[in-house]
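All remarks here apply to the structure that follows.
Naming follows writing order (A, B and C), and every chain is counted from residue 1.
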């Protein structure tokens, strides 16, 4: 390992403290794409800090959890898909007569051993000229100087040396379509596996990793599997980009004060809070579904009056105004440059809103729809307005 | 979101309370809506866990599946749900008024008026959230292809007659909910979000408890604090104070309370099955009942807060007067209900799994028309909605400064008076752009002629609705001093072109879809059983 | 694709390659047996010329045809081109019953008949109208031939409404421009071959995959400086070449640079075909006054400095007049702000419009307000590949992009969590990648606003 990388690894270990690094799985890596601008998340993930435990220590526990019903169902489904020596999976791949499927033993001691065993099995399978099913292989991918171990549900090696990632999910495919958000998440996760496999394939004669993965879900309301081929080329380039960006952790870490620590055992809540605050976040409401620290960051973001707490899109029309107070002051004419189109638009918006609300309060008692009264002009009486809806529908 | 909506959210942040986004109610509310709060089992499509359903806030009907993986219990639940919903829907099918509809005469191809029935009112379904609407679709999909013993005497698990009927109605309501502005099936969160802006993001607004917390905030607690408690607050036993509005349950509830209770139920059932002696069997039956009651109690504990929240939401909405064009849209909903009633009565098969090419194109066109119409109607009904259109330059309020009579240059001159108006708004007008105002509820159009160079006032030429005589009919031309709302968008929407009949689907779209043929029921797989 | 690009060896002769492709297309259209022929045409590859030629050859062969275009402007343009090529040809212009339904220039054409009723135009060799108008036409006897223009911008449901009117058709369009869209959700049909919100071509090919597909291989509009970038960034799997070589197009100024940002970026664009005028980073509303002013100033200086163009059309320098210049923006309010700024600088006659409205148009020089300039966030709208493609491919000589610094970082921080619909074919390239490709190319032609 080259020097700078070792230094980074060392620095991140210091930040994490004595705890065992929280393993980064494919889901966590895929989630990096949810908010690539967040330095806080990049650093904590890169350093292997357990964000869930950190959130609890900060007093804003995350609310993630899995129902045991979903867990049991997911396991039963996966077992069913892989049953019969992989024949069912072959059928889903569109191969009715595979003429035997090899299912090599992948057990070994420790993640390094398992990853080595997987790499060996992949090499053997690639030259074998038959179908091979790797059940829960383990792949290593270097992330920010440290190896992350990834465990796809399955990898199928084709007789021609092609490798296909198989992702088994328990959300249903109903009449041919599935929840696009869930398919998207599965595709991003699968792309991480494809990327890790490509590192192995680069060292394997005759191997090629397919850029389409097989997504297996229950069909309709049954427990029968349905296979869908999903093209993950876009997710792959996104993941490559995000992993390349993780090298910027170095810069983030370098900007931190000496002696800062995220040691969950050794630090008090105040110290941890201070440490977390030293790394800038980029909170947006989407974080709530993607990051354990989201409730903590939301609280801080709200305290600071950041307009992003109302959604990323809110900023679009606000120009350089970034806080609730600044926007409202500008809208009320208490601050801001009237020549700034954002300020001018806010003032117009505020005036129109006031006019509509106060005008409406005065009128709603008489007839529904104050806009109507103005629109009807002097000739039309308000009474006609009230019955209008009925008149149109006859 | 328009800048006006953003401002409302920011004011909500500042004041700690939700702020109005509307001055009138833009959705129809029935006097007697049917509220449905469903729960489902995590990780399994189409395995309901329970529901509260009913038209009386004080008397919800509780339906619970004590073991969601037991197909018999699941089917019993669906049968009970059908008993709760279908009679309610049927209650609106009988009372009708006479109406006219234009149809194409199959022989002559001409449009003719046909006397038809229109249901005087329509049943309305309210669910807690968008996920609830999605679940209504799922329930519809899972039941509409079920076979009754009458359909097929050999079917292994015949459904009660009302179950497939329930499926067809829920499917219809689920589809109708995709039409902008329709009110047959509404989510409480959508209703609230249409009318109030909270101090949180639209993502967080999907949480019914948090959303209501912002709207009902007061008494020294800010909306943000109350919403946080609704989102994350837990009791001493670790259970959420405000359970999710469903259909998904809280995993902590599943793992700590529900799973052990279902286990006890399973064991009691096994024990009962194994018991041979009468006395022992009685005791074990008592055990089973207790176990079942416990599951029911737990499921009810998760449903009841949401049930109450939905009714509070309806109360809040009733506090707003209905927009004047809401009734017009509701009439379209009544047509939709009547149409489906007629299809069911005439014995048409259930809706297919997928729309064919023509049907999907028709639906898309209808929804685009409905969207444009909704946007226009809401703006005309509500000055606060209009304000956003004015800000965007799509409407303007103007005072009439001068009216100059003018006529067309044809043999029989028609009136085309010129209006000089002054506005503080900034409409996006170009030469010849048409603008519209509402005259006795009908749109009257004018063309933009130009700006007066000296003072920036606008000149408009009035184009229509002034009668057939040479001089405009009384009250059809504005007079000096009138303040008038003009819109750059049309008030009514023209429907799109007629599409081919499905049997004439062209080769570019795969040709005719073939005989519609009855859709097969979903197969029953062994995994459905315990 | 049945059209293969020029062989890898030997000298590429754009004229020959284009002629060969056109010949194959016309052969399939006139003599082929397939019901449809699809032609992909990159920007400025002679799509309109092809449509006119195919129409004239069909008519000359005694096969009357209908032509479907998407907008009234496109229809009028086609009618004018047909009449210009073949003044004797009886052409029908079917129009709507709105006021002012067609270009008044058509009134001067002797053999063009105009009517709102299809029956009035029966028997004419060529009848041209919009898809929207054709959808209301009923006929017992379908046309034997049709040409569908801008077919990638036509929605599948619009094709459904008119496809019964013809037996076979030539579909021509540019797959790289803006996709059709719907203002209401259409997700429930995503993945269906006939998804009504998808493009007409995707439905057509999903149901008729055997149809011959061709590609026009040469852009006659884009200069040698632009074609490679536009081809790589927006047409990665269907590359094209420029019809002219480096040095065939030249832009010069009568008045030397005054050293200001606008003048320096104009010099850069004249020399290289591209210029990026970069303003200091700042989050701004859409109508960023500084950026809008910068755009207007660039146009003003372009005119003031007496820009002149040399091209294969004319060896002598031709002045670049206001009508040969366009300003492109993402939003309508930006276009309005630029118009106002131009008026304030006393500039008239320059086209200022959004990408949507600039589709299919051609100018000597374009000035583009970058869709992501000054934005605090990127949205799907601003990242849409077709939008940038339209803006970057309207020019014959040079394109100046005005943008605030910081867009690269904005792209880097853009979340990538797009939903994925099963069964929907991916569209390439990805907006993110295309934006980066264009941005990194522009960076080589960067001029800072400040001195």
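In this text, a residue touches a chain if its C-beta (ideal position, glycine included) is under 8 Å from a C-beta of that chain, and two chains touch if they have at least 3 such contacts.
This structure is a prediction, so every number in the text was calculated from the model and none was measured.
Across the two interfaces under comparison, A-C and A-B, the one joined by more C-beta contacts turns out to be A-B.
Of all chains, B has its CA centroid at the greatest distance from the CA centroid of chain C. The distance from the centre of chain B to the centre of chain C, each centre being the mean of the chain's C-alpha atoms, comes to 39 Å. Between the CA-based centres of chain A and chain C the separation comes to 36 Å, rounded to the whole angstrom. Centre-to-centre spacing of chain A and chain B amounts to 30 Å, using the average Cα coordinate of each chain.
Touching two or more other chains at once are residues 354 of chain B.
With touch defined as above, residues shared between interfaces to two or more other chains in chain A number as follows: 176, 286, 313, 317-318, 345.
Touching of two or more other chains is recorded for residues 188 of chain C.
Against chain C, in their complex, chain B makes its touches with residues 178, 180, 354-358, 360-361, 363-365, 367-368, 370-372, 393, 428, 432, 496-497, 499-500, 504-511. Within the complex, the chain C residues that touch chain A are 187-188, 190-191, 282-289, 374-377, 379, 412-423, 425-426, 428, 430, 432-433.
Residues of chain B touching chain A in their complex: 1-4, 6-11, 13-14, 20, 23-24, 41-46, 68, 138, 141-142, 199-204, 224, 231-232, 249-252, 254-255, 259, 321-328, 331, 353-354, 379-388, 390-391, 397, 437-441, 474-476, 478-479, 481-485, 522-523, 525, 527-528.
Only residues 35-36, 100, 132, 135-136, 156-157, 159-161, 163-164, 182-186, 188-189, 192-197, 200, 203-204, 207-208, 332-333, 336 of chain C touch chain B when the two sit together in their complex. Chain contact summary for the complex, chain A toward chain C: residues 33-37, 173, 176-178, 180-181, 183-185, 187-188, 215, 228, 230-231, 233-235, 237-238, 241-242, 245, 282, 286, 290, 312-313, 315-320, 322, 339-342, 345.
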